[in-house]
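Next come two complexes, and both contain subunit A; in the first it sits with subunit B, in the second with subunit C.
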Partner chain A sequence: MDKLLRDKKAIAFFVLPAGILFTLVLFLPILYALYISLCDWNALTSPVFIGFQNFVDLFTKDKIFKIALKNSIFFMVFSLITQQIAGLLLAVVLSNLKHGRNTYKNIFYLPCVLSSAALGLLFSFLLKPNMGLNQLLAVFGIEGKNWLMDVQGFIPLTMWVIGIVALWIYVGTTMMLYMAGIAGIDNTLFEAAHIDGANKRQTFFHVTLPLLKPMMKTTISLTCIGSLKFFDLVYNMTQGGPNNKTHTLATWLYFQGFSYFKYGYASAISVVLLIMSLAVTLIVNRTINTRDFAA
Partner chain B sequence: MKRKLLSILIASAMVLPLLSACNVSTDDGTNKKTTKEQENVDDGGKDTDSGNAVNITWAFWDDLEASSDLMTQCYADTVDRFNETYKDKYHLNVVTTNLEEYDSKVNALVAAGQTPDILTCNPGPNADVYVESDTVQPLNQYLDADPEWKDSFAGGMFDRVTYGDDIYGIPTNFAAACCFYNTELFEKAGIDEVPATWEGFLEACEQLEKAGITPITNSASTAWCLSMIASYCMNRNGVDTDALNEGEMHWTDERCKQGAEDLKTLSQHFQPTFLGDSNDDATAHFYNEEAAMLVQGSWVIAQMNGNSDTIEDKCGVFSFPTHDGSVGDMIVKTDNLLLSATTENPEACIAFTKMMTDETAQKATAEIAGKIPVTTVDIDLEKAPKQLGYVMDLLENLEGTIGFYNESLASVEAGDVFDNNMVSIVMEDSTIDEGLQEVEDFYAENVWK
Partner chain C sequence: MTGKNISKNNKRNKVRLSTPIIYIILTLLAAVYVLPLLWIVLVSFKTNAEVFSNPFGLPEVWQLGNYIFAWNTGKLGVALKNSFVVCTVTLIVSLLFGAMAAFGIARMKWKLSGAALIYFMIGMMVPVHCILIPLFVVFSKIGLTNSLGGLMLPYITFALPITIFILVGFFRSMPREIFEAACIDGCSIYRIFFNIALPLVKTGLFVTGLMSFVATWNELLVAMVFISDPMKKTLPVTLTYFVGPYATNYVQMFAAIVIAVLPTIIVYSMFSNQIVSGLTMGAIKG
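Our next item is the complex of A and B:
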């Protein structure tokens, strides 16, 4: 096998199918989207090259794009903080459980395997003014809010609600990754810390957490990119409304393309989204140093 | 040698599944379902064994199998009748989706070069785009070839689907936006006559509230529902959509402001949950007799009667009131069938459109679904839902018609900008001036430039 892996032709032979597939379904569409973002195109007639006009319009004229950008960044920050904290806590607690670990693990991970579009619809019903949550609150004499139609404030209540639903759905993924990370830590390190007199808190901060840095890098990257691309929950819960106040970049892109036939403009939004995702990945890779702990 | 063989086998195993996705067909195109047609089954569309028949697809905005809407059930019957009549010759498959997703789905299919053979479309900006891009074809040749069919349509039915001299759509039913009211709840509130003026309308709302009855049910969550009332408020104050689209009138005009003011005033009488209620929720409030009035298109007759056994006998209809007590314009629309310009089976498509507009289908449209037929068919109003008779009475005294605002403004996006800003004004996220200025800015930037 070692000889085979030193053979460049053999490597190329094995890599080629994946390379062709990636080129066809990823790189070529990205390049095409880059070209279309420089065009005025309704998908029904030939594209007309207009240079950077779509990008100029995006940043100078489109108020909803700015709202969508703000909301996407909010989702990224909110998901990053809440999923990292909640996912890590759950992973630490469940890793230390002697009984029922798998049961709880499955319970917390269950929402991840369900369709987020279906969950979005489910929550849109649960959060209707006279159904679900508000009916429950009414039993205790509390008047529920209009959870999906409140747009007051810089970050409207509706965005926080969608963020919490997203946390409930995706925290299981972060938890599982951290649990895998914790399971990979050598037990002798914990034993050594125990012999040295470290309590549980000290062991967590000085042994577990530093050794989880590589996994942290992965989960942060996945959470950030996933949050920036956020579409299905928002689309199914609010469709970007009321009055476009809950759009994210992905939903605004969708409306521009599929409702208004502005595929060039939608492609420009997708390019911004791509650049943001790449920038976040780069920043995460540069800022979290794992060299000391990877071994 | 063994290793080389192994590596070739592994590589082949990786590549073959990819190739298997590329469906190389030797079919002559007449007797097998395409991938697109197969999708219909996944979408919950109506699809049965087609044998050797020519397959055609029709895009529609409701689930023919699951919907309780009586109009949809009539369409399902027509599809069955078509497939039975033309057994072994033509077979129709239906691409279905829900109403909210419909335009986006069809637009995506069109953009991907997979335009359904027949698509359902309202008149307005979406149809304009399909016509301008030659996505759909003119139907004059088919109508001219069958004068009896052409002459069966009521006068003016083709007006909003005619571009120049070319007719691009075959209407299947006609709808008008009216005020539906619950006669029992009106009686309970002591209201003897339906309001004819704006002032009378507001007084009736107050009287209903005093009797502990929710006056009007509406939905802001489904923006076009609120927009329908906004359109009437604008119209009753003299706003002209053509003048707005041409730049001869501005959204900051006093008449627009008064229209928005009227909408805001009326919204004080909506059910408390109207901001979060969907269109279906709002309609359910009416047929469950929790609210006294519903401003909706007459298509709602099929929906409310399909969901309630009691509402038909208690439901009256009146025109949206005017300030001076005149009859005023009525918002009207037709559902239309458009033919793809690239369909390989126009004869089959025309056969289906003829069946959708034949005597059987049009009588069912009126007598079962309570919708207004587009042909001059004789309908038995005794058999039809009572509400249909009331709507037809209103249409007889009609002064003029206008289109739905989201179909009459300059583009789909313009319609959405109007709808969204009306919601924003009503929920007090923006003032009337701010909301209308937003629409004005959109027009200045995108329509009048």
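Our next item is the complex of A and C:
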């Protein structure tokens, strides 16, 4: 038995296909991207090493990068807060529902499996000034706004609108994870809390919530990293416009890399994105301590 | 309120919310989810003028022509086929390679198995945006852009980490005795893997397969960058034809959106319970 499991040839047979593919298509390209980000390179010239100049330009000269950074952070914070509250609320309500729990659950989860590109397109029409939502509002005599073109202010209306559409799409994931978490809590704990005389609110805050901490970690990192990577929805709803006011890091990277072909510069944006993702993962793992509650 | 309810209610929580208000709120919320999808189906059968004159009623004449136009001009038939081919190959290869690597890491005895797992986990933290430019540069040199194979490679690779991670858990939880018995019967390690271990992790394969299928089917960014030939485009990319502030031929776009999301909705409504629990399980383990 032991000999069988130490067979070098068999180990190579099992691990190498995935290992080689992973190294060639993911690991080496990351290293290459780190190198490109230190070069001045557009599609026509060959790369010239310029050190950290791209990063200096990003943070000092590029106004649209700053907008994109601000928007990405806004999406992250907005999604984090709204999805945690709405997802937890839905999960608690649905978990206690007697009839139709699955029907509601499946309806709220549906957008998560649909193409966000198609949903973005759908909402870009639904929110046009003369269509969909505004037609509906007109029935009640309300004059709707120009939902996707209003870019005044620090966080423009359009950003809030995209954020709400993102909530509509992705809250299902958070809800499902919390429902799974609640289903995993031992029933005797609730009974014990009841015997000790705890009311509903006390039980929620002192039994349910602490026991959901590990799940909170999962949902928070999924939401944060997901919203940093935001591309499909923004691209199909506004394409970063009007006036470049709704760019996110991902869309700005796409335009720099594949409309203006500034490979080095776009790679620098991707490195910023990578560092932000890693930092978020690290912060979430450090700050939410789950050891005390691990089952 | 409490004592009697709790003893009667063997569900896990403390509050019984049977009040009609909860149901009304939930139903209104469900309407917010269903109505946009219904609206788009409705208007996709109208004429452009009718979208504005009669936005919420039934179409006067059901315009099937919109669908024929979207299907032919938008090349949605081709896109549907491309998406299907890319997803199927990605699914099969990532499951096979992922399961093999997971078995090698979880069950075989070698010094670096732990390190190998950590190495693959790097992939779960890296956004796909980071490798977009390096891959595009290299792939266009070796002729892998504008080919479905060039799409499959990154899709398979990005499906691997989560597949390996979840399946390692499944393989590790299998009892030793199964392998020992097979070994005594004279099975080779390859037969143990393909005939014994693999069938036993069916749930894991279903969960990971589902996750990578949904992700691949909906992927936009890589496909948009790598493919410019209209005959090679996948479904999400084909839809971006219709993006832009000056696009005015609405009804055909609506038909295109319906065609794009309909297959998913049909599959979802048939297997929604399995899909939802499978994806949830994957996300928890991931």
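Everything that follows uses one rule, which is that the second predicted complex is superposed on the first by the 269 of 295 C-alpha atoms of A that agree within 3 Å, B and C clash if a C-alpha of one lies under 4 Å from a C-alpha of the other, contacts with A are read in each partner's own complex, and residues count from 1 in each chain.
Criterion: a contact is a pair of C-beta atoms (placed from the backbone, for glycine too) under 8 Å apart; a residue touches a chain by one contact, two chains touch by 3 or more.
Keep in mind that what you see is a predicted model, and the values were worked out from it rather than measured.
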| item | value |
| --- | --- |
| Partner chain(s) touched by A:245 [first = subunit B, second = subunit C, both, neither] | first |
| Subunit B versus subunit C as contact partner of A:218, first or second or both or neither | second |
| Partner chain in contact with A:151 - subunit B first, subunit C second, else both or neither | first |
| First (subunit B), second (subunit C), both or neither touched by A:25 | second |
| If touched residues of subunit A are counted for subunit B and for subunit C, the larger one | C |
| Partner chain in contact with A:260 - subunit B first, subunit C second, else both or neither | first |
| First (subunit B), second (subunit C), both or neither touched by A:285 | neither |
| Which superposed partner A:117 touches (first subunit B, second subunit C, both, neither) | second |
| First, second, both or neither for A:98, with subunit B first and subunit C second | second |
| Which of subunit B and subunit C A:17 touches, first, second, both or neither | both |
| Overlapping contact positions on subunit A, where the subunit C interface meets the subunit B interface | 4, 10, 13-14, 17-18, 21, 130, 239, 241, 254, 258, 263 |
| Subunit A to subunit C touching residues, read off their complex | 1-2, 4-8, 10-11, 13-15, 17-19, 21-22, 25-30, 32-33, 36, 92-98, 100, 102, 104-119, 121-126, 130-132, 135-136, 139, 168, 173, 176-177, 179-180, 182-183, 185, 187, 190-191, 193-194, 200, 203-204, 208, 215, 218, 222, 225, 228-229, 231-232, 235-236, 239, 241, 249-250, 253-254, 257-258, 263, 266-267, 270-271, 273-274, 277-278, 281 |
| Subunit A - residues contacting subunit B, complex | 4, 10, 13-14, 17-18, 21, 42-45, 61, 127-130, 146-149, 151-152, 239, 241-245, 254, 258-261, 263 |
| In the complex with subunit A, residue positions of subunit B that touch it | 3, 7, 10-11, 14-15, 18, 100, 103-104, 107-108, 110-111, 129, 133, 135, 220-221, 223, 272-273, 275-277, 281, 411-413, 416, 420-421, 423-424, 427, 429-430, 445 |
| Residues of subunit C defined as touching subunit A within the complex | 2-3, 6, 10-18, 22-23, 26, 29-30, 32-34, 36-37, 39-40, 51-52, 55-56, 97-98, 100-101, 103-105, 107-110, 116, 119-120, 122-123, 125-138, 153-154, 156-158, 160-161, 164, 179-180, 183, 188-190, 192-193, 214, 217-218, 220-221, 224-225, 235-237, 239-240, 242-245, 250, 253-254, 257, 260-261, 264-265, 268, 272-273, 275-276, 279-281, 283-284 |
